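The following block contains the structure, expressed as structure tokens.
Chain nomenclature is as follows: A, B and C, assigned in order of appearance, with residue numbering initiated at 1 for each chain independently.
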Amino acid sequence: MKHLLDIKELNRHQIELLFDLADRLNHQPREQKPLAGRSAIALFFENSTRTLTSFQLACQRLGVDLTALNIAHSSTQKGETLRDTILTLDAMQTDAFIVRHQDNHMQRDMAEWINHRASVINAGDGTNQHPTQGLLDLYTIRQHQGQFEPLSVAIIGDTKHSRVANSLLDGLQIMGTKDIRLFAPDTFVADHQKTFLADSLQSAISEADVVVMLRIQRERLSDQSNLDVEAWAAHYGLNSERLKWAKKEAIVMHPGPMNRGVEITDAVADGPQSVILNQVTNGVLIRQALIHQLLS
Amino acid sequence: MKHLLDIKELNRHQIELLFDLADRLNHQPREQKPLAGRSAIALFFENSTRTLTSFQLACQRLGVDLTALNIAHSSTQKGETLRDTILTLDAMQTDAFIVRHQDNHMQRDMAEWINHRASVINAGDGTNQHPTQGLLDLYTIRQHQGQFEPLSVAIIGDTKHSRVANSLLDGLQIMGTKDIRLFAPDTFVADHQKTFLADSLQSAISEADVVVMLRIQRERLSDQSNLDVEAWAAHYGLNSERLKWAKKEAIVMHPGPMNRGVEITDAVADGPQSVILNQVTNGVLIRQALIHQLLS
Amino acid sequence: MKHLLDIKELNRHQIELLFDLADRLNHQPREQKPLAGRSAIALFFENSTRTLTSFQLACQRLGVDLTALNIAHSSTQKGETLRDTILTLDAMQTDAFIVRHQDNHMQRDMAEWINHRASVINAGDGTNQHPTQGLLDLYTIRQHQGQFEPLSVAIIGDTKHSRVANSLLDGLQIMGTKDIRLFAPDTFVADHQKTFLADSLQSAISEADVVVMLRIQRERLSDQSNLDVEAWAAHYGLNSERLKWAKKEAIVMHPGPMNRGVEITDAVADGPQSVILNQVTNGVLIRQALIHQLLS
């Protein structure tokens, strides 16, 4: 494994090895910097507090020097092509590029352009993939529910515009999860996701072990004006009543940022079944393990 | 001491211990990183070159990995509440938040929200408090004038909109300073500060050991158009003549940034009694000592 | 050597020592941080991905903590003078300032202002000098062509607005290069450069060992509307045919960012004679050596 572009490039064994490494790294003293002397460059063409900070802390804990470039002010303004920008940074002999981009598959192009040893890590590309999010979601499920095969997982909300949903759907299948159900308005489900579409919110959530709520990706909607937030909450939001449809020991997940009162109520988000903040904690750890794996 | 939200939370003994620690840290070789493996996140909702850089250098000298977030581009744009942003960052298990915010007492809210072990350090909240500035001011006074009890300290200028003035006023009282005098136009003095108000600029400065000059916080004035900068200089500015009213060995302080020619002349700012740059040097040291204290 | 403001401050022996140090640093394991505990502040008043990142990686490899200030949001907005900003940062006792500024000679002023031990490194001032670029260009020439005396070096393009051209011209003369030739439209050559002006593109390139292509500094042209990019390519661009005028073993250089199809074709930029990416690799190394030299 040299790059991580798409979670589908990993098999079940590789994912389990990564999770075992995450477990081990979690118990190492913070003074230890196993990758001291390595460097990485973060290129976020879309803003992100959460993911960028998670990668930054992951790098710090490994001793990897991360340079986060302010891409809005880059040389592309001086007429340079993106390929030349990447080749230039690559020639500085960094060990990894951590890239978020608004276009699907852009990181795959970058991985082909570079000459040196650098690994490319996809930190989200358009509506396609967000593999480290998928991995941290799987890791959180394993932590709370153990084996994947017997689980019922419900994913509710705007899956069409969600690279998070894509990576999670792929990941759950790689791990052998038998029962995966989506629910959202038809226009918020992509064609390749329709095989998982449930008949109703209740049938999606019913007896689920895991309920994953997604926010509406407003920034990806061509027309936001028709969006009725109250109607969304009424038809697709998770509240305490609806959560009772799931198993008693079901966990509630959300990749964040949450729109409280829309796709999830305060009572659920802050309730005892919520593992939303555990996902965030695990995010740093999984990224640590991934970078360790790629750069060692 | 877990957080530093308000200088009034410290007693005289705690402040003296902090100053002794600063003295010790000042003589440690820079290669030593006593807090290697710790991390902090800086959240500056108001821009600040001076204070943020001071905290950054303080962290570097301790070996603390500081991530300064570009808050203007944060997830709050995606509809996330500030509390959720803080809870998310907190779940990444950082050791400290260093926060500047335009609203009074916001850091106190943050300290209540967080679940983990993180310390919250107030790097300035609205017009309320700027405790690390107050501490560095006190440290600078101790360095040059020794004991606090016998001192006369004059604070001249816009104290009403100045969190620096509030923290210094509180700090001087904690340290037992007998004689504190303010002077400014009535509308630039807050009610709780009026007990210190002198009759005239001369009576405020007369025989003072310490003269602290403040800039007009233009960005906090609701109507800047009435402000007559020349009149301010004429009535409230410190020049060499007026400095003679103070004791011969008096020191001149200013928290910066200075408006030269308004509240202070070049001759005074760059003169032999000015300790303005010493304040800056001490700022890094005091922040080092504080972070060391909170995180050890 | 305390500062590096202008390449002309260095003599041939000093430059050769620097290059030898770069050779040695290139073979040190990355885990070694010879300058751990040192710090630097980058002040880029003009944006630059390439140069700032190069300095950042150079600092990381030495163990120097670099703080890159977001100058657009600095205290100068609160009425502070640039001198006071510099004096304030200097009082924080950093070891070096790395400065890019739009005004010629600004870094020289800064070097005079500062009181402490800090070194000032010119990372580009207006149209005047870019000494670390000049050094990395010389280092790249030495790497590929050996001795400087017998070389013919052609510099093609907008030399008038190019601090890169100035530093390279000066550097080549310091190293004893006998034959230096420029070519560009008259209005793109500064008076002090005219002594090197060739009669034609062909006579400039003919039998050259090194061909350096420069981009048009559009951002420095007072009127961009007259600029005919196609005509520029036709008259001053380097393509494979024209490169045959040079020696067979000639190398092609470009400081970047490139405008492909204008001053250079894809075939040349990506061809076997191009050392453009080597320049980038060497840039990190030369800056490492320079900072090591200044701060040791």
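Definition applied: a contact is a pair of C-beta atoms (placed from the backbone, for glycine too) under 8 Å apart; a residue touches a chain by one contact, two chains touch by 3 or more.
Being a predicted model, the structure only gives us computed values, none of them experimental.
Chemist: Have a look at which chains touch which and call the overall pattern line, ring, star, complete or other.
Modeler: If you draw each chain as a dot and join those that touch, every dot ends up joined to every other.
Chemist: How many degrees of rotation map subunit B onto its copy subunit C on CA atoms, rounded to the nearest 5?
Modeler: The two chains, subunit B and subunit C, differ by a rotation of 120 degrees.
Chemist: Do subunit A and subunit B, two copies of one chain sequence, contact each other through the same residue numbers, with over half in common, or through different ones?
Modeler: Counting shared over all numbers used gives less than one half: different.
Chemist: Measuring centre to centre with CA averages, how many angstrom lie between subunit A and subunit B?
Modeler: 40
Chemist: For subunit C, jot down the residues that touch at least 2 other chains.
Modeler: none
Chemist: Spell out the residues on subunit B that touch subunit C in their complex, using ranges where they run on.
Modeler: 29-33, 47-50, 53-54, 56-57, 60-61, 215, 218-219, 256-260, 262, 277-278, 280-281, 283-284
Chemist: In their shared complex, at which residues does subunit B touch subunit A?
Modeler: 36-39, 41, 65, 67, 69-71, 73-75, 77-81, 84-85, 87-94, 115
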